[in-house]
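Two complexes follow with subunit A in common, the first pairing it with subunit B and the second with subunit C.
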Partner chain A sequence: MTNATPPHPIHDLDEVVHQRTRLGILAILREADQVEFGYVRDALQLTDGNLSRHLRTLEEAAYIVIRKGYHGRRPRTWLTLTKSGRRALDRELASLRALVDRLDPEKGSRS
Partner chain B sequence: MVATDRTEQRPDKLLAEVAALRSQTRRRVRGAWLPLLVFGLLTLASIPLYSRAFDTPRCCGAFSHDYRTPFVAGLPGADSQTGAALFWLIAMPVAYSVCALWYHRRAAQRGLQPRWRDYVGLGLALFAFVVVVNLLPDRVLSVHPGVAAGSAPTTLGVGIRALFTPLVAVAAGLVVLAWVERSAVVAAAALVFGGLTVVVNTYGPGQQPAWFTRYPATRPWLVAPAHDLLLLSGVLLLGAVVAGPTARRAQRSA
Partner chain C sequence: MTNATPPHPIHDLDEVVHQRTRLGILAILREADQVEFGYVRDALQLTDGNLSRHLRTLEEAAYIVIRKGYHGRRPRTWLTLTKSGRRALDRELASLRALVDRLDPEKGSRS
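Entry: the complex of A and B
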């Protein structure tokens, strides 16, 4: 008879998503169909370069799609969360809740 | 969430920050006040489809409206079924186009695009379904020509006709919008609007639910089509009045 204990929720954390800035980017994209680069930059108070670096990481993981276009003569970059990105964010949030629950059961049940 | 590379990443703090960001984005993305306004005005604009729009019964709910194909206008009692059908066939796509255009332009200005395509697509699909049901001949729906005018519908077919009207399609579309924008205000407006439409259509002209008033003659309001349409449009316009300032406040806080 094996005494199987559930794995610690920390093992379910996704390195790509768990990073604080990337978590913020995905949280914004989760609530809209498409979000413009400038909106995310301003909302998270990032520089263009810093945001671009994180977006590249998320795009390589196939969590977001980046589309470039124009509004009039102004170039615009639109970001969309993919299905796998949505699933990754939901999994990450579930893992974080499990972690909070484990560390502080009272607080975990409230969040 | 101000992004810094601080090492402190306490899970409860991260969760709180994510929740705050999502809530803030959701508030800023909302724009349902315009669809509520557009469909509220459209409901008002349908009043001229009823030539006796303000008629009330003298006693106990006796109208001479025909029940056979009575719901194409939205409520029973429209004079010209063809005119009513044409009105909605033109007005619905135009109304959804106005909403689509507005959402598109707003997204370009704000850099935040809601899932308006889901709303417009599903809303038009629901309307198309209502059109198809209304095209079904009476014999398919078991609607008998002998159904007494002014009496409550007694056949399943009349019940189906009462349920699948353009006004119910508007309500169903707004339920989709409430889901897309996660808006309790829009959900409440859509459910009250749709619920009232079904109640009015199920009881028919001149009739009211017993729990509301026993004899329409003593309560002559809310029995004529125009009274019902004023009430229904009022629900959507009130929703727009509540949702509009909330959206503007969210934008100002950006």
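Entry: the complex of A and C
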């Protein structure tokens, strides 16, 4: 029984959000109401396939909504962060900040 | 050609170090010269198998050294962070701090 020991801060990290590419996707989606697939792909320097795979993981977690549509006659895929996705990203950022402050307290107080 | 666009900050994250469990392992190892396998396992609430798997990844990256030995007659496994592992962890913390500050600037300026 180690009830006295609080869980290590890494347990506050959600792997769905913490994974590097998905963290980047959510960060980009937070800055606009909806973002086009190609914009995210280029900003993160991903292949279509790699981005699609991570989008599916985020969609399954209900963190994003994926909408297909047209811009003129060109097919387009639009991505939107859900409220739940925004909350998950906020939690991750708070956890990362706590982790970094704990591990690297000196740099935190610089400047 | 998009040479003008700097790579997204997620590209500074090293997946070997960024992965949640491995980040926790490196963080623990940074706090002592050597740490016993069981201590890390319990602190991070992992199974032996799961911890071993992540240790192998870190050892292959030359971020840790794994030494087998005895404490009295009991076999023990000792883990040590290498210089390269320490540098990788420091880079990760700096990248996380930059990412969090960029995504969440208001909270950063709070006390």
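Things worth noting here:
The rule is short, and it goes like this: the second predicted complex is superposed on the first by the 100 of 111 C-alpha atoms of A that agree within 3 Å, B and C clash if a C-alpha of one lies under 4 Å from a C-alpha of the other, contacts with A are read in each partner's own complex, and residues count from 1 in each chain.
By our rule, contacts are C-beta pairs under 8 Å (C-beta built on N, C-alpha and C of every residue); 3 or more make two chains touch, one makes a residue touch a chain.
Values in this document were obtained by computation on a predicted structure and should not be read as measured data.
Touch criterion not met for A:Ser52: it reaches neither subunit B nor subunit C.
Judged by the touch definition given at the top, the superposed model places A:Val35 against subunit B, while subunit C stays out of reach. Of the two partner chains placed by the overlay, subunit B and subunit C both lie in contact with A:Leu44. Judged by the touch definition given at the top, the superposed model places A:Thr82 against neither subunit B nor subunit C. In the superposition on chain A, A:Ala94 makes contact with subunit C only, not with subunit B. In the overlay built on the shared chain, the residue A:His71 is in contact with subunit B alone; subunit C does not reach it.
When the two complexes are overlaid on their common chain A, residue A:Glu15 makes contact with subunit C while staying clear of subunit B.
When the shared chain is aligned, subunit B and subunit C each come close enough to touch A:Gly24. Comparing the two complexes, residues 18, 20-21, 23-24, 27-28, 30, 43-45, 93, 96-97, 99-100, 103-104, 107 of subunit A contact subunit B in one case and subunit C in the other.
Interface residues of subunit C, counted against subunit A in their complex, comprise 2, 5, 7-11, 13, 15, 18, 20-21, 23-24, 27-28, 30, 42-45, 89-90, 93-94, 96-97, 99-100, 103-104, 107-108. Subunit B makes touch with subunit A in their complex at residues 1-6, 9, 11-12, 14-18, 21-22, 24-26, 29, 107-108, 110-117.
Within the complex, the subunit A residues that touch subunit B are 18, 20-21, 23-24, 27-28, 30-39, 43-46, 50, 71, 76, 78, 93, 96-97, 99-100, 103-104, 107, 111.
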